[in-house]
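By letter and in written order, the chains are A, B, C and D; residue numbering begins at 1 in each of them.
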Amino acid sequence: MTSLKNEPATGFDHPEHQAKLAALYRDFDAAGVTPLWRTREDLMPPHPRPRAVPHLWRWAELYPLAARSAELVPVGRGGERRAIGLGNPGLPGDPYATPTLWAAIQYLAPRESAPEHRHTQSAFRFVLEGEGVWTVVDGDPVAMRRGDLLLTPGWHFHGHRCVSDAPMAWLDGLDIPLVATIDQGFFEFGPDELRDTSTPDRSRSERLWGGPGLVPVSAAGAPRPASPLMAYRWAHTDGALSAQLELDAEGQPGVVEPGHAAVRFTNPTTGGDALTTMRTEMHRLRAGTGTTPARTTASSVWQVFDGGGTVTLDGDSLLLTRGDVFAVPSWCELALHADTSLDLFTFSDAPVVEKLSLLRTVSSG
Amino acid sequence: MTSLKNEPATGFDHPEHQAKLAALYRDFDAAGVTPLWRTREDLMPPHPRPRAVPHLWRWAELYPLAARSAELVPVGRGGERRAIGLGNPGLPGDPYATPTLWAAIQYLAPRESAPEHRHTQSAFRFVLEGEGVWTVVDGDPVAMRRGDLLLTPGWHFHGHRCVSDAPMAWLDGLDIPLVATIDQGFFEFGPDELRDTSTPDRSRSERLWGGPGLVPVSAAGAPRPASPLMAYRWAHTDGALSAQLELDAEGQPGVVEPGHAAVRFTNPTTGGDALTTMRTEMHRLRAGTGTTPARTTASSVWQVFDGGGTVTLDGDSLLLTRGDVFAVPSWCELALHADTSLDLFTFSDAPVVEKLSLLRTVSSG
Amino acid sequence: MTSLKNEPATGFDHPEHQAKLAALYRDFDAAGVTPLWRTREDLMPPHPRPRAVPHLWRWAELYPLAARSAELVPVGRGGERRAIGLGNPGLPGDPYATPTLWAAIQYLAPRESAPEHRHTQSAFRFVLEGEGVWTVVDGDPVAMRRGDLLLTPGWHFHGHRCVSDAPMAWLDGLDIPLVATIDQGFFEFGPDELRDTSTPDRSRSERLWGGPGLVPVSAAGAPRPASPLMAYRWAHTDGALSAQLELDAEGQPGVVEPGHAAVRFTNPTTGGDALTTMRTEMHRLRAGTGTTPARTTASSVWQVFDGGGTVTLDGDSLLLTRGDVFAVPSWCELALHADTSLDLFTFSDAPVVEKLSLLRTVSSG
Amino acid sequence: MTSLKNEPATGFDHPEHQAKLAALYRDFDAAGVTPLWRTREDLMPPHPRPRAVPHLWRWAELYPLAARSAELVPVGRGGERRAIGLGNPGLPGDPYATPTLWAAIQYLAPRESAPEHRHTQSAFRFVLEGEGVWTVVDGDPVAMRRGDLLLTPGWHFHGHRCVSDAPMAWLDGLDIPLVATIDQGFFEFGPDELRDTSTPDRSRSERLWGGPGLVPVSAAGAPRPASPLMAYRWAHTDGALSAQLELDAEGQPGVVEPGHAAVRFTNPTTGGDALTTMRTEMHRLRAGTGTTPARTTASSVWQVFDGGGTVTLDGDSLLLTRGDVFAVPSWCELALHADTSLDLFTFSDAPVVEKLSLLRTVSSG
């Protein structure tokens, strides 16, 4: 902030004037005030200049770190979760994937539990592989299996329990950075033991809200800020993506662009995003196809669910393999290419940006 | 409107005054104007006094009439549909079930088709029994089978085709009376032959919109006035109702009241009613239970889908058997009792009344 | 409904077939059902075919009738109001201006009062001339003067009181026909005497809600179905219309079309229409200009507030003079021409039609 | 973030285990990942723990600094504005009043202009004293005078011009910190010279949108994200506040609490906040009264417009004099006391927090 590059040409380079100016700036500092004319370009750049950078984390590196943690650190009250946050190199000091999004790998060892708590931060789990864990959301046990998206909207109590002999790891997404920045965080401990240890195939939430277009009359006509459906199952997601590509092949509309299917996870009481602060979507690219390069002011995180290909971020290409996670800052140009059929899960802060009427997207197509 | 019951006491019963008054009223008539003081109570009653009356039509009577029609009258351009409208006895001259709702039994003989047309009136089909008919909505063939609800939102082209060797009949619901009253009807003929005669198990609409909470990204963020999902399948409806009753038995919330499950068919892009002008719901009563008597200012039509019981409308009870249809005018007290497990489909003008901030409901419970 | 024009060609003109058909239709009648194929075109016309007709009532005829009423009929409990409803000749039997709108001239003699009541019907008063009456809305006395629009949203108690030595007449607009048709009317008597007989220049409603863009924090963030501002004063309306025409003359946007200014009366808590079921607007045409002929599916009523000109309704032209009232049915082509500067007040059912996603408008321009 | 306070008790204090753990943490660092169990309490505190602190800036100190700047630094392209941002001592390095809000004193010398530009950041000016400046918003010159609130919604071109022989200073409010944090800033230079140098008493925006409840029909029915009314004049604000206190004295509702009047500046097309990201309000306390202490999760900035009193922020009291500005972080307890009649302008990030369903407010009353 000491750059003088925005300093207006004063026409007064007389030493006396310079001395007065220096004195003024000292008095500014003493008063804790800052002249816009010396900081304008930093504060108000011509387009977004994120500190966050495009970055990719390899699942092959993350998973062993998580597994080693399980040997050395138990899950318990206080630490609460064996979750390892992915820190964007452009945001040193904070374990934030982007300025608004937290992404972590969470790991439960066989027969382990994580105690209940709740917080105003919204959260979800996306399962890359495995099964045998139930997340208990406000007392409702929700099975977690490969490909499922599980929600924990803000201020819902939740804990996790692994009933399997195998460990399980998954991707956690939260709006921790956003909520921290705007000072909206509340947190409360719940019981150490989960309040319902049953392991139903289908949660109560799904039994009530899981029918397409069907809403319980007892709850109808009352929009909720977040989805009351806590699980979006892989079988449905996979079916919807396949259907879009089949329709594409039949010459029917539905895909985002040729060879590129995508579904958004929504709140059935409003049709809007499933969570108030994060957009969640699953994308599928047909082998051999690519997306049109595009920029958007929302920042996002992506995880490769299946298949292989390439991501190009502001011109730099990276190979993608199963489980890899990458961060896309605001206004970074993103293009995806599929070598095989390529499935990617993504989440972003688009609902925040949209609600503030700030979202911009441009495509090179 | 000739009643003098609202005539203010004039204190002037002098013949001269009476003569002047009579002259004034003659001049009112000549000018085509009407004094409120002679009509106020009719125009503005203390509570709704519908001309429509509670009424029940027996499926056992309706179906044979429809079948006889098929022997005598073909389906074709001009008449358009072999649909027989249920006329409320309180609304003579108009084949209207209530002042806002049209209900009809429609019948297609084996191998018959009904030509395409579109209209601003919203429509749905609810299937009591049978299969083998496809309704083609904007070129998308949608299978019709027992228990399914099929939509035709306003201004969508649609025709029907029976590919079976058996006839098929179903309940049609439209907002014809409402649209007629407020003069909003447009109608346009489409092709005589259906534009797609394929018979897919699943319509394109369902392939795109039939996943719970899943929305195509290509269409996301753009609320539509009516549902883009054209079929609500019985398997899902039945499952949701069963789930509610099971949750009820487990002591969990979800039902409307003990033993009374109900789902509303909604528009996944908004969470609101599937159609702009009609609410559609399916109710299930556990054998031996009844609903709390209640009045609402929405008018409705109900059809017994399965089971037997009793409906009580403003104190008069009627036995219900499969297929029976009954109309419930505004502010008529309704109570249902199930002898066996009882499933009822219902539609009403509640979305209209709600959007105008006029809906009132009172329960005796 | 007995027309056979939609009767499909049966190909069976054999007497036996005709006899069977006649029997079927007799059985339909007995069962109270009606075949769509004999009524389709009446029920579902190609475009709106209102029974209501374009019609104009002369103020010069209406006012004397109202004045004569005042000599012969007191205002009191039961009749409630000395209001004379304008009956559309196309809607015989009902004193309705259009199928959804009631328009009446209301008249209070010097020192007279009309007792308090409330109803679910929405109402407004528009004042052509005079002053000296206060309408008391939920206990808040609201002065009525030439050019003012005064609201009585549904279910607000209201009565009127003339404190002047001169009588006063105004235009009443209500949604009585709509509310009657859909059976939503509730009515309740209030006190015979007005609960507040003060005569403030400015109502409490205006003191709280009358600042442009200013909302009391105590009520902010809570949208209301109807406007909390009960009076829209002529000085503001006139000023806004003048400003639009001045901007037009300066080459700046704002008018509807060249020479045609118009303001809508809105609900400051939502920006939508001031009343839930009726749109209210004031239009001003510069002398010598005309509007582009246009049709809309909303029906409307207009009153000439000032000036003279011509209205053309489906091709028939009528001279307009101050106070004249005319009804425009759905889909009737309307064009206005101003001989002098011409001010017109109008109300319509557009909010109803819009909320049902049925509004269509086409312009010949 | 190096605190171990959340480290779960491992039960393994064996040196070998500690060595493994240290190795794991080194590998975490190398991989750029961070364990939640070591950071959870910092990331997810039990309630908001803002870095920003309650702080007050004295007008008597700010104004001379601004005036000295005018002698030493011209206003021109690049620096753009002679605005001096108030930096919260809890947010060192950034000239931010709160984590989301920028507050600055802006100063124009006699006959000076500031060139046109636009940015996605929303802005307003609130005028403590003086007159003679016009802000030109998208080509529309808007006069600025004591007590007025002037808007510059995002992406509207704007420049300022002083036509007076006296300088003028005012409070600028922007969402610069929020937009910076979430990387949504775009900025574009406009002409160096203002495109309209006229000095009308009333802007075109006010002429079109300044009537209470009156909306141009040409723009009706199209909600805008921000207010189209660019000026909220002191005469209206003052009148509305006075009216609330008078109503309070009459025993009528309207005030926030006894003796405490407040109006919110709103967008007439929606009834919501005038700007998308900032709430703006004016408060008036009757002499001798105080507000109930309350906390809210929105952060805010206040300026004393008139009168004197005390503000108590988390228990610390500060004397208030005309022009003083203070910042209230999230969840800081705020109480105001008026020695004389006390007027305060305030802005906050409440619309952001509300749209994300995160706003919490608790009152000690």
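The definition used in the following text is that a contact is a pair of C-beta atoms (placed from the backbone, for glycine too) under 8 Å apart; a residue touches a chain by one contact, two chains touch by 3 or more.
A quick note: this is a predicted structure, and the numbers were derived from the prediction, not measured.
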Between chain A and chain C, centroid-to-centroid distance (C-alpha), Å: 52
Separation of mean Cα positions, chain D and chain C [Å, integer]: 43
Residues of chain C whose C-beta touches two or more other chains: none
Arrangement of touching chains [line / ring / star / complete / other]: ring
Touching pairs - complete list by chain label: A-B, A-D, B-C, C-D
Chain A contact footprint on chain D (complex, rising order): 1, 5-12, 17, 20-21, 24, 27-28, 31-41, 43-50, 52, 55, 57, 61-62, 65, 68-69, 71-89, 93, 95, 99-100, 102, 104, 119-121, 154, 176, 178-188, 225-226, 276-277, 297, 299, 329-331, 349, 352-353, 355-358, 360
Footprint of chain D on chain C - complex, ascending: 204, 206-218, 220-221, 223, 227, 229, 232, 236-237, 239-240, 243-244, 246-247, 252-256, 262-272, 274, 281, 283, 354
